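Next come two complexes, and both contain subunit A; in the first it sits with subunit B, in the second with subunit C.
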Partner chain A sequence: MTFIDFLNLLIAALLLAGIYAVMSVGMTVIYGVMKIVNLAHAGFMMTGAYFAYEVYERLHLDPILAALLAFGFFFLVGIAVHWLLVRWLPPSDRPTLQSLLLMFGLWLVLQNIGYLIWGNTDRSILTPRTLDLVHLGPITISSLRLVVFVAAVGCMALLEVALSRTWFGRSVRALIQNRYAGRIVGVDTEKTARLTFGLGIAFAGVAGALLATLFSFDPDFGRPFLLRAFVIIVLGGLESVSGVALGALILALVETFSILLVPAEYQPAISFGLLVVVLVVLPGGIASLWAKRRRLA
Partner chain B sequence: MKNSSFLGKYAHALAAALLLAVVTSLLAGCSKKAAESEGIKIGVVMPTTGREGKPGTYQKEGIELAIRQINDAGGLQVGNRKLPLKEIFYDDGSDSAKSAQLTERAMSSDGVTAVIGGYSTALGEAESVMPDRYQTPWITPGAAASSIFAHGYQYAFGTLTPINLLGSTTAEFLGSLVDQGKLKKGLKIAMALENTDHGVDYGNGIERWLNQHPGYFKVVFSEKFDLGGTDFSGLLQKVKQAKADIFLSDAHLQDYITMQRQYIQSGMHHQMISYGARGPEADARKALGDGVDYIFAGIWWSDKLPYPQVQKFAADYQAFTGRKVDSWYAATAYEAVRALAAAIQAAGSLDKTAIRDQLRKLEMKDSLVPGQVLKFGPNGQVGYAFVMVQNKPDNKVDIVYPKDAATGEVIAPTPVSK
Partner chain C sequence: MGEEAPAGMSTAVIAPSRLEARARAGLPWLLLAVLALLPTAGLTPNIVRLLFITFVWVTSSLGWNLLGGFTGQVSFGFAVFYGLGAYTAALMIDRGVNPYLSFVAAGLVPAVAAFLIGLPTFRLRGPYFAIATIGVSEATRVIMNNLAITGGASGFRIMEHRPFRQVEHYYTALGVAALAVAASFLIAHSKFGMGLRAIKQDEEAAADLGVNPYAYKLAIHAVAAALTGIAGGVFARYAAFIYPQGVFAFQTSVYILLMPVIGGIGTVWGAVLGGVIFGIVEEQLVASFPQIHLLLYGGLLILIILAEPDGLVGLLGKLFRRLRTPRRNDGDTNSGGRKADQVLRRAGGG
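Now for the complex of A and B:
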């Protein structure tokens, strides 16, 4: 493999990591604050993809702009779902069977609503940018992937700023660290949980809208991405946003480069092998290494 | 406490609603059975939801068109009675386990005379174990892997030519381009095949032809990939490194769209490119625009075949569904019903073994398939030739091989895009 080939692959892995991060971070914040494993995440990604499709087809707006609109729309959807369903779940420090079943059921409902509205036809978004290439000397990059990457990284950066610089962010971090201590120091747990759930769903919608520009989709869309999101959040630590970014990068690098050493048919085995190894060796994910280091210092 | 009492309050109502739903569906099932006592019951097990929902729906439409036409003509002559065909439809949701279970239900408790089912190799394989167990004829119009027909089953039939023939016809077509001087001899081939029997058969077909015709081409790369992939950049990088002249993949529709999109985005180009049986689908054109130009595919059927019965079928299908016939899916399903109907009439009874025997002897000479003759081989699978089509600019698709069915000249090697 030449150096140029290596660079091309590295860029492909980085672009993939951006997408992986934005599709996983919504699950992480919801789990961190509410200890809910959001199995309906795939369903919201699917509806995000259709949201971008409808905005593009009916309003002729750019799908990337549609992804930004999806943030607001799915935030409100998340708030509504929380008010209708999630707030009735008993609060818990760990994932409960009720929350798992509720989210799984919601995923099935979303999927079937998708079949009712859009049928089982594959849809895709074809814009003049879809097949455009950017040539940087011998390196070739898909301009659409680049735009999607920038949008994804932008979303992650905004989330990081929101979590570190705002009262809401501080409340979220407090609840991630210790729900009861957070309540003692005056954090409004109910309101923070509601906003966090909205935020998590908003990220699922944005991820779905961005993915729709790269892949064709149907109401079953999101399932393979959900499995990867699990790997990423376990890798990054279940409650760490920066850990998710690192987990996404590791998974993208492993998936992209491992294929050069082993046949492509083993690609899923490598991803899930990595998940098993991390669960056994580092159950707290990579973020637990940082925490350990901080404690030692 | 408040939350748990809320759930508890509605638990009884929920349980009552579920019970009511179960009772209602049982009663509906009983009345349905009574209503279906007259006529020849044909089980149709197809995916109309899930991953394979779209081609499964097309196949269902082909089946229903044939049933409608047979019934409009007065039904089938069975002994001294004329009986209509009655379809009992089951949606397997693209789930192999459910597909097998529904086929078993159709054959055991629902008492069908025959089953038509199994779109895709995976679903067809799951269903294929049932026909011999219940001694009920089963015709698959959508599963072509030869492994399904390699077990010596006596009641299993298929209206799709085996995939290894797709591989060998693809190689034969490329060989014909060498003979015509359009491609040079000794070109290198890279293959990326889906990790299913479909992909394995396709690869074997190509390798077999190459072994029988040494010197034409050389395979420099061959690797499998998993169905439903989200990223093929690593695999395509390996293909790029192989520095091949021809890229042959075998993929289902979604993977074809994803892989071709990434292929273009990687700036790759080969003298010839194919995704096996995928290529001319409208969905791919919609997803990739002119990015699918010059891709060639081996398909079981085309509405451009120059036979009058094909033109009639295409017109009937459009009148029946309101849509143009998009691909081969409906045609092979339509032929499965016609073959079964011919066998039932020839048997003169609804005896399943007699119908099976007539299917074995059947030779339908006005068929829609390439060559116009549909005949099941000793293993139950048909063996007609594939037609090779090529996508061309301006949404055009031409049959380019065999010559006697060609509607346009093949463009080879494919031009480098601007």
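Now for the complex of A and C:
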């Protein structure tokens, strides 16, 4: 492998990391505030992909623009789902079996709706830009991946600003740190939870729409990405945006460079393999992660 | 939890409860006797097949319930054990090994796999363990799809050098289901089972009381996997053809998880009831509405979680209690029962 090949792979990994971060961060904020592991995230990513597809096919809007529309649309969907289902769960300061199974049921429902509307054939979004390349000397970059990366980084930056600068972000951080203390100082938990859930689902929708521009999809599209999101969350710590970005980068690097070593048919097992390696080699790291969370909560 | 009388009504109903206890102890034997005599009543092969499949599901349901219900560790990866059991039995029977010996191996191989899988994944807690099990099942299916010895993705056809006798399959499945019920009750009433319930309620507190959560989880994971694997092996011998997208499918994991949740998570009879209902409904449902069965199962899951987290057994228990509560001290006992319910709910749901 020449240095140029190495550089090309490195850039590919970096571009992949952006979209990975966006797809994981929605799960992270919902977990942080509500202690719900949102398995339906996979279902919302899938619907996000089809949302971009429909917007592109019917309205002929650019898929990147469709991703922006998806943000608003899925924010409202998230708030509706919270109002309809999630708010009835008994509040808890740790993840419960009930919330896990509820979100799992919702995922199954979304997946079936996907099959009913779009069937089980693979779809993909092909724009004139899909095969465009940017040449920087000897380095070649897919321009679509570059655009997706910029959009992803933009989303992450906006989230970081929203969490650090706004009233809503302050309540979110308060609830992540300590739910009860947050209530004592007057944080409206119900309202914050509702908005957070909307935000998390919105990020799932955006991630799905962005992923749809890069990969083909079917109604079972979200599952491998749910796993990756999970690996990223475990790698990068549970409740911080920068941790998610770091985890996304690690996973993207491992996946990209493993192409050199692992046969293609075993690629889907990479993310899980990485998880096992982390858990076996760094059990202290994970355990201390939990201990830290326990102290905070 | 269905066995324990709620705290509030112990004084009023001592005599009936002793009678009830005796009836409860006798009921499983009666059920087993009836089911054992059923094939002599001249059932159609279709009904026998339905009962056979139901026993297989009941066994897997009870297996999952040991880990998910008793110990509170939800796994989305039981298709791994079901599939490993199926493939182990298939490969051995195909090579001429005695089928019953093969079923033993179909229990042992998944048990060892469960132990190995548990070593890294039980370092994760609760929902994180649950998602990691999705990863386990994905990775396993990828490997099985590419493995040469099992025929890869195109599946494996079992050539058994014996005549096919449906009744033999029926009794095998019934025996395995009975074994699973017996194992569940033995574990539920043992010190080991108490430790598992303690882990479900509060892992730190259990550890303080001298229960090693990591070791307990590894052990029960292996037992649960063995039961599920035997079920898979029994199914494989009957089906005579298995393929990775079938036995290792994510859907199989979903079914295995759904049954105890429908019936009543954490209770032996709940897991049995869930398996029976699922076995019957799945056979009818797949025939009539194949395109919306995920929707039905997902909707059912949402409904049960929000309306009655203790499943059908919880619902029946509530109805039963309301029926037999004497009118005059209605409010009193009811509040006691409700309090007990809340305690159980808290213990179960966290």
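By our rule, the second predicted complex is superposed on the first by the 260 of 297 C-alpha atoms of A that agree within 3 Å, B and C clash if a C-alpha of one lies under 4 Å from a C-alpha of the other, contacts with A are read in each partner's own complex, and residues count from 1 in each chain.
What we mean here is this: a residue touches a chain if its C-beta (ideal position, glycine included) is under 8 Å from a C-beta of that chain, and two chains touch if they have at least 3 such contacts.
Source: prediction; values computed, not measured.
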Which superposed partner A:136 touches (first subunit B, second subunit C, both, neither): neither
Subunit B versus subunit C as contact partner of A:224, first or second or both or neither: both
First, second, both or neither for A:185, with subunit B first and subunit C second: neither
Subunit B versus subunit C as contact partner of A:102, first or second or both or neither: second
Which superposed partner A:16 touches (first subunit B, second subunit C, both, neither): first
Which superposed partner A:39 touches (first subunit B, second subunit C, both, neither): second
Subunit B versus subunit C as contact partner of A:115, first or second or both or neither: both
Touching partner for A:90 - first (subunit B), second (subunit C), both, neither: both
Touching partner for A:272 - first (subunit B), second (subunit C), both, neither: second
Doubly contacted residues of subunit A, that is, touched by subunit B and again by subunit C: 88-90, 115, 224, 265, 268
Residues of subunit A touching subunit B in the complex: 1, 5, 8-9, 12-13, 16, 88-90, 115, 120-122, 124, 126, 130-131, 133, 135, 140, 142, 144-145, 214-216, 218, 220, 224-225, 228, 255-260, 263-265, 267-268
Complex contacts: residues of subunit B adjacent to subunit A: 3-4, 6-7, 48-51, 53-54, 57, 192, 195, 223-226, 228-235, 237-238, 240-241, 253-254, 257-258, 261-262, 264-267, 283, 286-289, 291
Complex contacts: residues of subunit C adjacent to subunit A: 72, 74, 76, 119-121, 123-128, 130-132, 134-136, 138-139, 142-143, 145-146, 250, 254, 261, 265, 291-295, 297-302, 305-306, 309, 348-350
Subunit C partner contacts - residues on subunit A that touch it in the complex: 37, 39, 85, 88-90, 92, 94-98, 100-102, 104-113, 115-116, 223-224, 226-227, 230-231, 234, 265-266, 268-269, 271-273, 275-276, 279-280, 283, 286-287, 290
